[in-house]
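Sharing a structure, written as structure tokens. Questions coming.
Think of it as A, B and C in the order they're written, each chain with its own count starting at 1.
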Amino acid sequence: MNRPTLRTAAPVLLLALLPLAACGDDDTGAGTTDGELSGSITVAAAASLTETFEDLAEQFEAEHDGVEVDLVFDSSGTLADQAAEGAPGDVLATADLRSMERAADAQAEEPVVFATNDLVLVAPADNPAGVTGLDSLDDPDVTYVICVETAPCGGLSAEALADAGVEREPASLEPDVKATLSRVVEDEADAGLVYRTDALAAGDDVQTFDLPERLTTEYPITLLDQSRNTAVAQAFIDFVLSSAGAEVFAAAGFGTP
Amino acid sequence: MTARSPLGRAPALLWVPALVAVVFLVVPLVALVVATPWASFIDDLRTPEVRAALWLSLRTSLATVVACALVGTPLAWVLARVEFRGRGLVRALVTVPLVLPPVVAGVALLAALGRSGLLGAPLRDATGLTLPYTTAAVVLAHTFVALPFYVISVEGALRSAGEAFDEAAAVLGATRWHTFRRVTLPLALPGVVAGGVLAWARSLGEFGATVTFAGNYPGTTQTMPSRIYAVYLDDPAAARTLAMILLLASVGVLLLLRNRWLTPGAAA
Amino acid sequence: MSTPFLHARLDVPGRLHATVTADAGDVVAVVGPNGAGKTTLVRCLAGLLPDSGELTVDGRSWSTPHALPRDRRVGHVVQGRDLFPHLSARENVAFGLRARGVDRRTARARATTELERLGVGALADRRPHQLSGGQAQRVAIARALVTEPRLLLLDEPFTGLDVGVAATLRVELARHLASYDGVVVLVTHDAVDALTLGTRMVVLEDGRVAQTGTPTEVAARPRTDHVARLVGLNLVAAADGAGLLAFRPSAVTLSPTEPSGSARLRWAGQVSQLTPYGDGVRVGVRTSTGQDLIADVTAAAVAELLLQPGTPVWASTKETAVVRYPVDA
């Protein structure tokens, strides 16, 4: 289990931040002592990171002329399995620690948690069933959906339901958090359990209710063994871990580790 | 390896690509067989979730074939035999689901039959019934994606059976319905059966439209492909076992049908 | 004068404008080149093609209101094979009776009787693909006759059959048709069919009736090239424009130079083709005026005149061998 190691990653994080904090210049590449960073890297990231990573990649490219960041988004488990099987790529960022463990063989360094996300209850904008919290889910007139237990959001959701003592079964176990959110946004379900970032992204389409107890998932990032451009890849990881990165994540509703 | 033909040897330009096609189709299946953890095969087959998913897949795929036959056969007949304005347009519209990504098909079904959909909302207001999350929704989703295959197959069979026999029957005094039952349909039977098998196979493997429209819950809406996907998210190895179960079940049925219907020219 | 048994004035724009009448018991032989509208005519009579015309059969109008094929009492035997391939011979013959509400047992019994009448009773349980061409055509005729049609349409019934089979079937068909009290419309491209089976002949050309009459009249005085060729006569327009001249190929003489003698009709031309014919040779001659003539000559004559396609030649015939008749009479 890597978990204890990851939990103690904060010092590493601080160290990683130092170079960027020290130099405002954009020619500072971690891993290179002199010269410009150049070339392209491929970053595989969990689907829930789509907006934030697109934003970060754009900023990163703006700061480093001649550097290109290709982004690949998919479910964490899929990306981790692909990385473990040696799929080309430089950086892997997943939505949970379990998925990251599946890529253990391909990790060039200990993964570092760069953001957290917590589970919230959402209802459609007009809240047709009058949902007020997890207790409402026991109402037979309330149709609710959660992620399937094998998806990262599913395990957390099951935990939330068990903690709150909800006994009614959900109408459907959706394959991922976006599908769960869609059910609620499209008014095909009266309630659903999704991540805060998803709820925030849905804006006025949903009403959001905090859970009585915070249930959090952690997002780790790592350099991959198969990276052909470790200098740029490391610089990108550092950038994700920087204060600029933290700002982007906070704006999207992510928490800080 | 190849039987000598009086016309000469098969040209390499044909049989080499043919070999490539066979290898391309067979290798992944062989890989799946090799990668299947056979030791746990029987145990996996016995789990209640897998049995529920397999049983649901079997029931919904058969219901889909029945639904296709009930509405698809008449539609194929109308397209093949009745001249009307906009027939080309109808045929084009009917075949659209062929090119639609299954998830889009699911979204479209939600827009039409979801609880706040075009037809779903009035239905819910009038009867309190909603379709999503029910087994009926699974059959609807399967029928939506399988029907075009069925209609195209049967229409082709009706066309190739030709109108000469319909005319002969009409002159002999048969009504169009009598002609359809006694002449047209029996002559198109091989195409009808082939269409049914296509629809069944399409239904058995359907995932995207089902999970989008009907949802995914063990026993009511979780078919084998949905189960496989859910398991794959967490444990690809276990998913391979489930895929193998589905593969064996479908190959078994196809083999049963093959001798009777699927050999070209077997049903004259 | 009473209304004839069959009175048809058929009108399909651009394809057919033809009037055909016949009395009960008549066999109307319809001849004409390909595309003349023979099959169109038959399909109109069967109700398979919409037409704007008048059609009365046995005192009933089939045109006002338009009667569907199933409501007409028509038997239709089509060129080619349209027996239902999934049904046995007996079931094929019983089909029309069953469709008209006859119970299964009666329909089967009558089908068996009809098949026996046509000499194929022993084949009742065979499927069409197990029948020879002649057998299949007998079953098709039985299928048409068993419903007791008022109008029997035979569209090239002997096409595709071996010569011997066709000859036998022709003789049998003549026997069956002799006792048939409706009207038969027989489409054929064979003069023998028209002459042996027909009581009337209708010559179609470009969708219009070019000539009608008894087969003997039409054969003796053809008014179209097609019929002339069908009955093996040369047909030319008289030089003075007053009428048509018909004469037999055996009455034509070929010579390398212009023949003398006042009582001869003569044409300069070139040999267009040579085919063996009986124990002689049939020579096609294209005249300088573009007329096609045929001449039956001996093989010795061909050798002597060194005839081959392209050879310039004079064709001539005696006035006394020519039948002269007006264009329309």
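Of note:
In this section, contacts are C-beta pairs under 8 Å (C-beta built on N, C-alpha and C of every residue); 3 or more make two chains touch, one makes a residue touch a chain.
Predicted model only: the values in this text are computed from it and were never measured.
Note on connectivity: the fewest steps through touching chains from chain A to chain B is 1.
Chain nearest the geometric middle of the protein is B, using mean C-alpha positions. Using the mean of the Cα atoms as each chain's centre, the chain most removed from chain C is A.
Annotation: 37 Å between the Cα-based centres of chain A and chain B. In this assembly, the C-alpha centroid of chain A lies 86 Å from the C-alpha centroid of chain C. Chain B and chain C, compared by their mean Cα positions, are separated by 52 Å. Residue ranges of chain A in contact with chain B, taken from their complex: 75, 77-78, 81, 143, 145, 148-151, 169-175, 179, 183, 186-188. On chain B, the positions that touch chain A within their shared complex are 110, 114-116, 130, 132-133, 211-212, 214-218, 221-222, 226, 229-236. Residues of chain C touching chain B in their complex: 46-48, 68-72, 74-76, 78, 80, 82, 84-86, 95-96, 99-100, 129, 143, 147. Looking at the complex, you find that chain B touches chain C at residues 164-165, 167-175, 178, 182-183, 186-187, 268.
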